[in-house]
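One structure is given below, encoded as structure tokens.
Chain IDs A, B and C follow the sequence of writing; residue 1 opens each chain.
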Amino acid sequence: MIRYDRFTKAYGAHTAVDGLSVDIPAGSVVALLGPNGSGKTTSIKAAAGLVRPTSGDVRLGAERRPATEAEARRLCSFLPQRVSFPDALTGREVVEFYRRMRGVPGDATDRVMKFASLNGAGNRAVGTYSGGMTQRLGLAVAMLPDAEILLLDEPTAALDPDGLCAFYGLVEARRRSGRTVFFSSHQLGDVERLADLIVILIEGRLAATLTSSELAAKLADRGVMRVRMGQRVTALLERVREIAPGARWIGDDLMVPGPTAVRLGALDAIRAAGGAIEGLSAEEGRLDEFYRSIVGGAR
Amino acid sequence: MMGLIWLCARHELLLAARSRWLQWFAVIFAGLALLVAGSGYVLSGGYGLQDFARTAVSLVQLVLLIVPLAALVFGSLTLSPDRGAAELLYAQPVPRWAILAGRVIGLFLALAAAELLGFGVAGLAVQYYSGPSGASQFLAVVALSLALTAVFLAIAAALASGEPGRRARALAMSLVVWFVAVILFDLAALGVASMLRSGAASRVLMTAALVNPVDAGRTGAYMAIEGTSAFGAASLALLRFAGGERAVAALVTASLLLWTIVPAWVAARRLGRTDL
Amino acid sequence: MSVPRIALATLLAATLLPVPADAQVGDDAQPPSTGALEGRPEPGRTSPLQSLVDAAAPGDRIVVPAGTYEGDLLIDKAISLVGDGRPVLRGSGTGSVVRIRAAGATIEGFDIDGRRGGDLGRDTSGVHVAAPRATIRDCRIRDALFGIYLRESDDAVLEGNTIVGIPDRPPGEVGSGIHIWNSQRYRVTGNQIVGTRDGMYIQSSSHGVIRGNRARDLRYGLHYMFSDDNLFEDNSFETGAAGAALMYSERITFRRNRFLRNRGFASVGLLLKECDDLVAEDNLMADNARGIFLEGSHRNSFRRNIVAMSDIAVVIYDSSRTNVFEDNAFVGNLSPLSLVGRRTDTRFAGNYWSDHGEPDLDGDGIAERPYRLSNVFDHLRGNLTAADLFAQGMAARALGAAERAFPVLDAVPVLDERPLARMPRLADVPDVTPAPEPAAEARTTSLWPAVMVMAGAFVLIAGGRSPLGRRAGAQGGAA
């Protein structure tokens, strides 16, 4: 549905996206994941037709129209990262304007206002809205047309709890009706919760394409187990390090990094050494470490 | 497509009509026009000489100064695509040029309405003081004003369209354009003319008077208001140079048209090539 | 987007006026025809009144009853021909309608119709006079090439006549309203002249009095040459290509005249070319392209005049010497002075300049700083006509401002050393009487400002109302 073919975008000497080739299949919910400045926004905007490729192209739909054509944008509905609207308009006027622009029937306005929990504020000027309300209004505009593709740039970054709720509902609804959702995020929670497929972009290059469970596994492998001991047991660290070389003390807690199998072995080793385990917790691997590992691995 | 352009125009007009900026412009413009209309009467010591035509001449000065400035400032502030709003707007399935055209039309309507209001108020005042006459001259000033509004909105669009998120820069450039169009160009033309032999100097000045949209507007308006007496013998020289009064009218119109169409085309092209 | 410019184009096309082909002020002195004087009209073209005149004795007073009398008439005796109930003398259309050839004749109270006929070269007139001491009083002359023509006719009296030119005929094909050639000591008072070539054409005729006449809608109100010691009082010269153009003459006095709305491209309220020792006092020169024009004219004196609403108040060629402007009021002119040449010894003192804006701190009625009439731009435009195109632009003003800051730019300024701080009361200057306007036109034009106000307000108010929310809002309410 969205096909990036060696999409490259350079701003002067800085290359924001470098040779991105990826196919976002129809009917899927795909997350674009990556650290800040990795080219996520540029890639999403290219699909929305806002950014012209320096080389390569981005094509939409079955007809493979270039995204920069106005006709291609009919397939899309796009929500920018931080949307803003003229202060002097009411929320309803904003939605009405975009509704007419998209040629959506008149009853849509009330529906999307209600969906974005803005039906009470519809006749208030946008200038009086909070940041979260403004973003919700953006969401309402984005969901006006039942477009083939819903493109969202960091949708959860500026949303308040009401907005998040609406956003999750919107993605689920689109998933059910077989639409394509492509959104960028740097927050793991959204990605794991929503995405069927995760495209990882690092420093402008495609780093990996993973399913949601693959990602979970990879992250788990980079997790850390924290074992709370009543007291430090001498020589315990050496024993554990035979299994998990990265283990170390933090206060009276023993930190054991590594995949699940390693952790289980470490627990056995602790018990064998006669350590009294008072508590146990696990942290998933952090994304930045994950990114670093991918980049390191690639090099 | 026309429906969508009109939708954008209507939207922009809505924004403009609600903007403090435009409301102030309408008030200030009406005030200045009234002042111009009234001051002639006061200056003449109540001799009642300030009829429509005379007011029109004074209003031309006001129009030449204020209208380009207002169109440039308002246009560059409004049309400069800022992040957030422009991203959403230009992601709609409408060509960018059509959205831009709609916005420029909306701004034009708003500014034109404010100007009409000002002229109307001044006209009522003049009528009160000295009775109606010379309405066609007065309408010539209105036409001049509308033409300059279109010209400088188009220029503002051209300046603003390539600078997403750089509103201050677009504003600064439009102020430079204003200064050049209103003063520097004429100074340069006069300076060059003063160094040439009189035949060449005349040609330079007469060309200059048609090339710069502000000068073209002034030339056209004065000749429309005062006929061939507008610039004394210079009118005759100009008529001879251009080939008659119809030719002057055509050249003035062509100049103003070109100064609208070309910048508008540049604006659409720049906007089309800009990454938002 | 193209609508406003199309409107402009039509407006420009519609309102650019055609250039009068020969409206340039020049010394196109017209010598009278050298042909023989018109004498007795041919049979068949003779007025039925001719027999009355022929039968009368010198000194007789003939009263003509109301009616229309067709044909031309020769008056060759010192008689008085007086109309009772405005009889109409309808000429033959081939020559002058009334020909006065005897000294001391009077014609009074007639409507005279020239029937648009005759020959400029033979001076075809409504009333043609070639004899001394003629009196023409209270006659209405229309459709004649010349209205009243005085040829070598001293001591004539023209009183209270109305002369209306031939409509729709170009100025080159008609004569003047009152044409005076080589006729001394005339008195021209209370006449109205409309739509002829020149209002009054006066050549080589001195010691006359021209008082209380009004000439409008013509080429030159007064066209005047080689005539000295004449007195002009209380006349109006309006809406011509020039108000009064005076050449090669001396010792003329202008008092309380009005020079109004003379706006041809070379128009002047009062133009003097090689005229010396003229005195102009208490005149009103308003709404002219140029107020006063001096070329090669010396020792002229302008006092207590109002020069208002001109593009240029005074044009002076440096060929003019020792002229004086005192106690005048210059009001609302776009530019005070255009100096052609390098410098002038014209004296400006004690005038009021409405654009001066300098305060009068000590309250003596004189502004604290001298008024500067000249500027760099004027030097340029004085020598380069095309610069006039920029005279009303900001650049010209910027130059003026720069010069005030850096006086070095204009080494020999023209100054009024003691400009008045306030508009003086000039009680003898006549008021403006507004030009009559057709009532119907007034009614239609007066709607424009109101329409504009309403249109502007409507767009702003309706534009600020939301068209976008209303429909859905209504639907939302219904649901």
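Here is the rule we use: a residue touches a chain if its C-beta (ideal position, glycine included) is under 8 Å from a C-beta of that chain, and two chains touch if they have at least 3 such contacts.
The shown structure was predicted, so the numbers you read here are calculated from the model rather than taken from an experiment.
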Furthest chain, CA centroid comparison against chain C: A
Chain closest to the assembly centre - both centres taken as Cα means: B
Centroid distance [mean C-alpha coordinates] between chain B and chain A, Å: 49
Euclidean distance of C-alpha centroids - chain B vs chain C, Å: 36
Centre-to-centre distance between chain C and chain A (centres being mean Cα positions), rounded to whole Å: 85
Multi-chain contact sites of chain C, meaning residues that touch two or more partners: 466, 468
Residues within chain A bordering two or more other chains: 89, 93, 97, 100
Per-residue multi-chain contacts in chain B, two or more chains: 11, 14, 18
Chain B residues touching chain A - in the complex, by the definition given at the top: 4, 7, 11, 14-15, 18-19, 82-85, 87-88, 90-96, 273, 275-276
Complex contact set, residues of chain C against chain B: 1-2, 4-5, 7-9, 11-19, 263-267, 284, 286-287, 289-290, 306, 308-309, 311-312, 329, 331-332, 334, 354, 377, 380, 383-396, 398-399, 423, 431-432, 434-435, 437, 442, 445-446, 448-461, 463-464, 466-468
Residue numbers on chain B that touch chain C, as the complex places them: 10-11, 13-14, 16-18, 22, 26, 40, 43-45, 47-50, 52, 54, 57, 60-61, 64-65, 101, 104-105, 108-110, 112-124, 126-127, 130-140, 142-144, 146-147, 149-150, 182-187, 189-190, 193-194, 198, 201-202, 205-206, 208-209, 214-215, 218-220, 222-239, 245-246, 248-250, 252-253, 256-257, 260, 264
List of chain A residues in touch with chain B within their complex: 9, 11, 45, 48-52, 70-74, 76, 78-80, 82-86, 88-89, 93, 97-98, 100-102, 138, 141
